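Per-chain residue numbering starts at 1, and chain names A, B and C are given in the order in which the chains are listed.
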Amino acid sequence: MTNFIDFLLGGFSSGAVIALMALALVMVWRSTRMVNFAQVGQAMFTTYIALTVQQSTGNWLLALAVAMVAGLILGIVVFFLVIRPVKNSDTTGAIIATFGVLIALQAGAGMIWGGDPEGFIPPVSNAGLEFAGRIWPVSLYDILVWIVTAALVIGLTLLFTKTSLGLSMRASAFNPEVARLSGVRVNRMLITGWAIAGATGAVGGVLIAPVSTISPNSFDILLVFAFTAAVIGGLDSLIGAVTFGIGTGLVISLVSGYTDASNAPVVALALLALNLLLKPDGVFSHHGSRSV
Amino acid sequence: MKYVLPLTHPLLALENISITLSGLKILDDVSIGVPEGAVTGLIGPNGAGKTTVFNIMSGFLTPDEGNVRFDGKKLKHIKTHHLTKLGISRTLQGVGLFASLTALENVMLGGSSRIKSGIFADSLGAPWADSAQNKLRGEALEVMTEFGIADAADRYPGELPYPVQKRVAIARSLISDPKVLLLDEPAGGISAADMAELGRMIRSWTPERTVLLVEHHMELVMEVCDLIWVLDAGKVIASGTPEQVRTNPAVLAAYLGTEVDA
Amino acid sequence: MSLLTDVKNMSNAQKLRTFPGNRIVWHAVIVGVVWLLLLLLNNNIDPLYSSYLALVAMYATAMFGMTILVGLSGQVSLGNGALMAVGGYVFALTSMNWQTVPIFGWEWNAVWSMVFAGLGGILIGGIVGGLAARLKGPYLAGLTLGLAVGVPAITNRFPELLGGENGLMLTVPYPAGGYAASEIAAGTESGAETSDPNSDAGSDTGAAAGEDQYAELDLSEFDQGVDASTDPNATLASEDLLTEGDLLTLDDFSNGGDLGLESADPVVEPSVDPSVDAGVDTGVDPSGITDSFDGGFIIEQWQASMAIAVACLVAFAALNLIRGRQGRVWKAVRDDPIAAAVVGISPSGSKVSAFVVSSLFAALAGAVFAQILSFVGPGAFGLGLSLSLLVGIVLGGRSSLLGAILGALIIVWLPELVNGLSGERGWPDQITNNAPNLLYGLLVVAVVLAAPGGITGTVRSWIDRARGKSRSPLS
């Protein structure tokens, strides 16, 4: 039982990061109805930028802020250079294009920063906290991850529900034609969606880096986990992405704890397959079943 | 040919069909019969539910209540791709041709249900798979020649004028040698001369084939149909011969304010 | 309207394209001629180039499946690398464990193992395809992405059987009509001895071209020649780690098994050291293999002739399928699934069949790959391999077999080009190792945006335009 609680507690941090990546995927889906398979590639790239900033200044907060801005810009760049030109031609092409971006970003990062896995020094201790006579699988850094994630999720929720920008974005996602007629600048909302997604992913990358290592490919598996969470959540539901992101993190932690970490991708695959089989539209989806 | 309603043995029939889509009752207790060997028209103002009737008959939609009956048998859980095997062939609004296949290949695919060469025989290029295809190709060319579109055989739909595409689509639905043809707005976007030709063509299929026609162009409907059903707001408001329907006050009322070509 | 081209006056080429009459003869002639030419080429070039030829043929085999799946059937799959793994592992296991058991009186040999690899591909492809047929674009891509990452990880689940991270060594080829394999960990790869010459030389169809040469193959020489670095310790700390980000070059297929996230869990220590997965250099290092054998037998030539044989047989089947009824059915469902259903085609059935066929091809390619590498391991069949298949097919041309061949050429040639340039210009490794992938990524985006038909699609649209025809670039 102690094990169970430990594994569960240990899963919250990775769950939080998966939730952020899933959120990024969902925001892109909501704005342009496509899955950005380059999302974790963008996050990897901005995490390298953050690493560079941290190594030269030693300031973690600055590194995080720079990563967010870089993620924002990268999201916009990818949108303008790749997504907007391809969007209406063919869906197959759009999917392939995002993989092209992923490959290019990974190679670019390899060129700039090399392929060696690098460590990212956490701003606070990464050692398990001692409390009530035992060491818990929760570190100060984990708590920081929770706080940053919670702050970001709350911020995004407020943005979407309380601001006119959020309202316009939701309108554009729900019904672009009606939104356009009501004076919403739909195109601008799409860009905003991609930009915020980029920044969200960037935060996820910076948060995961100290407990993982960073290399051009090290986030690949995160893409699978995040996609799983986003799809189970319904691909257009922010709440779903967060819920199932954390859920996926917990499941993976349990699987890794009780069996072996290398089983995690298999379990994620099984979850994904099962979900697609039983409930292809996800648990929190707003739209009905897909047409024939 | 005169048909007395109610029909005693319709070849194809909707029986008390109701369906609700996104909260709207699209069809409300609709019963429609299609007599064998005749041309039956289904008309009504926009939004009357004509296309929904077709979609139920082709298995795109499952009704909440009621049955589809074909040749006396109830059809449950219609699978669209099984229809041609039953002998029901449908055209789609517009043309619905496959853009990356030539006109001839499009027509040949219409005979898919009749050719059963397995994928294994196909991959080995088995002689019997080939000869079946050659036979089908010959038939397809024959039908296309009949329709005056043999010249277009090697062309892609994108390079053909719209009326020719329409003919290719009709040829594609005919090559499966169907008992029943469901034509969804066959006259959409074609000229008056072509429409007259289309009318003659449809008449020429009877009585070997049975036709159900959804069409906006009253001229065509009045000219070719033996029997007409009129839908309005999800209900059957009238039925009968073209003459009966033309003079029916309920039909006139339903079409009031909308364009009547006749 | 200028439609009045008489059907009867169409050129033969047009007739062949439109009318599949007697296609088996045509296709057999085309494939046979290409096969002969390739064999001639293979016997007259430097062994270094033979090893490239083997890889091109292997990639082309897998990409023929991608032509059908992605191009004709319109399903973007990243799972074909994983299906190659299925083929490779089935080949390794069957050749290793059952080599002494004859089937229907036929001795167990590479051909049987290939058959079982193909069956394995069909089985797994059928399962995945059945699921995939229910899914649309991004869902399918995501699921198969999970497959690409998840399947190699399965090897860790069964370390005894599948060799875990280290994979399985194949001590290819085993002269008495079979293959022996041993796990690297056991260090016995040089343990199998050559025995009597095989008796079934050339009697089978599968890898017949190279079959008769098994007999002359010396085992230990093979290991030395093809890959001196299969010992994990030999390369553990070397520059392979630098090429972690490198998806596609010949020198490194080892990046796929990276499980970066697992160490995110502070309690559970990652059981897989991140450096281990890069430890096994599975790649063919062409520069190191020029050894020839006693009787003038050259291992690279044998590998190439085997790979070419498989590629040609697969190409024959693919030609028949694509240019026959089935090809039209796949395109029809891709173009308009509803119209396809209306004419009597089952859209999901068609998608599953495309998946199964491409899985079969992938599995056969995987079996060939296993023989080329004399090794199967999770790193060799990682996400990078799947992505390289997708890149190749998109650049070459999604919807044509010629595009697949061009794609295979690009995938093998571009890294070598970059290596060559790098040698001349003295680029640092970091640049050299990543330049091919950077180019791939950028080219893929550029092709999707500017020339979705890839090389073959674009050239064909020029020809069409010159002839006054027009059709979709993806047709």
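As a convention for this text, a residue touches a chain if its C-beta (ideal position, glycine included) is under 8 Å from a C-beta of that chain, and two chains touch if they have at least 3 such contacts.
Just so it is clear, the structure is predicted and the values come from calculations on it, not from any experiment.
Novice: Mean of the CA atoms for each chain, then the mean for all of them together: which chain is nearest?
Specialist: Taking the mean of all protein C-alpha atoms as reference, the closest chain is C.
Novice: Taking each chain's centre as the mean of its C-alpha atoms, give the chain farthest from chain C.
Specialist: Following the centroid criterion, the farthest chain would be B.
Novice: Take the average of all CA coordinates in chain A, do the same for chain C, and state the distance between these two points in whole angstrom.
Specialist: Chain centroid spacing, chain A to chain C, equals 32 Å.
Novice: Taking the mean of the C-alpha atoms as each chain's centre, how many Å separate chain A from chain B?
Specialist: Spacing between the chain centres: roughly 49 Å.
Novice: Could you work out how far the Cα centre of chain B sits from that of chain C, in whole Å?
Specialist: The separation of the two C-alpha centroids amounts to 46 Å.
Novice: Could you list the positions in chain B whose residues touch two or more of the other chains?
Specialist: 60
Novice: Residues touching two or more other chains, restricted to chain C: which are they?
Specialist: 338, 341, 474
Novice: Specify, in ascending order, the residues of chain A that touch 2 or more different other chains.
Specialist: Touching at least two other chains: 292.
Novice: Taking the complex as given, what residues does chain C use to touch chain A?
Specialist: 70, 74, 76, 78, 131, 134-139, 141-143, 145-147, 149-150, 153-154, 156-157, 241-247, 255, 258-268, 270-272, 274-275, 337-338, 341, 383, 387, 390-391, 394, 398, 430-431, 433-438, 440-445, 448-449, 452, 474
Novice: Chain B touches which residues of chain C in the complex?
Specialist: 1, 3-7, 10, 14, 18-24, 27-28, 316-318, 320-321, 324-326, 328-329, 331-332, 334-336, 338-347, 349, 353, 357, 399, 469-472, 474-475
Novice: For chain B, which residues are in contact with chain C within the complex?
Specialist: 58, 60, 79-85, 89-92, 96-102, 104-105, 108-110, 112-113, 115, 117, 119, 122-127, 129-130, 133-134, 137, 141, 150-156, 158-161, 164, 172-173, 176
Novice: In the complex formed with chain C, which residues of chain A make contact?
Specialist: 6-7, 9-11, 13-14, 17, 34-35, 37, 81-82, 85-86, 89-97, 99-111, 114-117, 126, 128, 137-139, 142, 208, 211-225, 227-228, 231, 252-253, 256-257, 260-266, 268-269, 272-273, 276-277, 280, 290, 292
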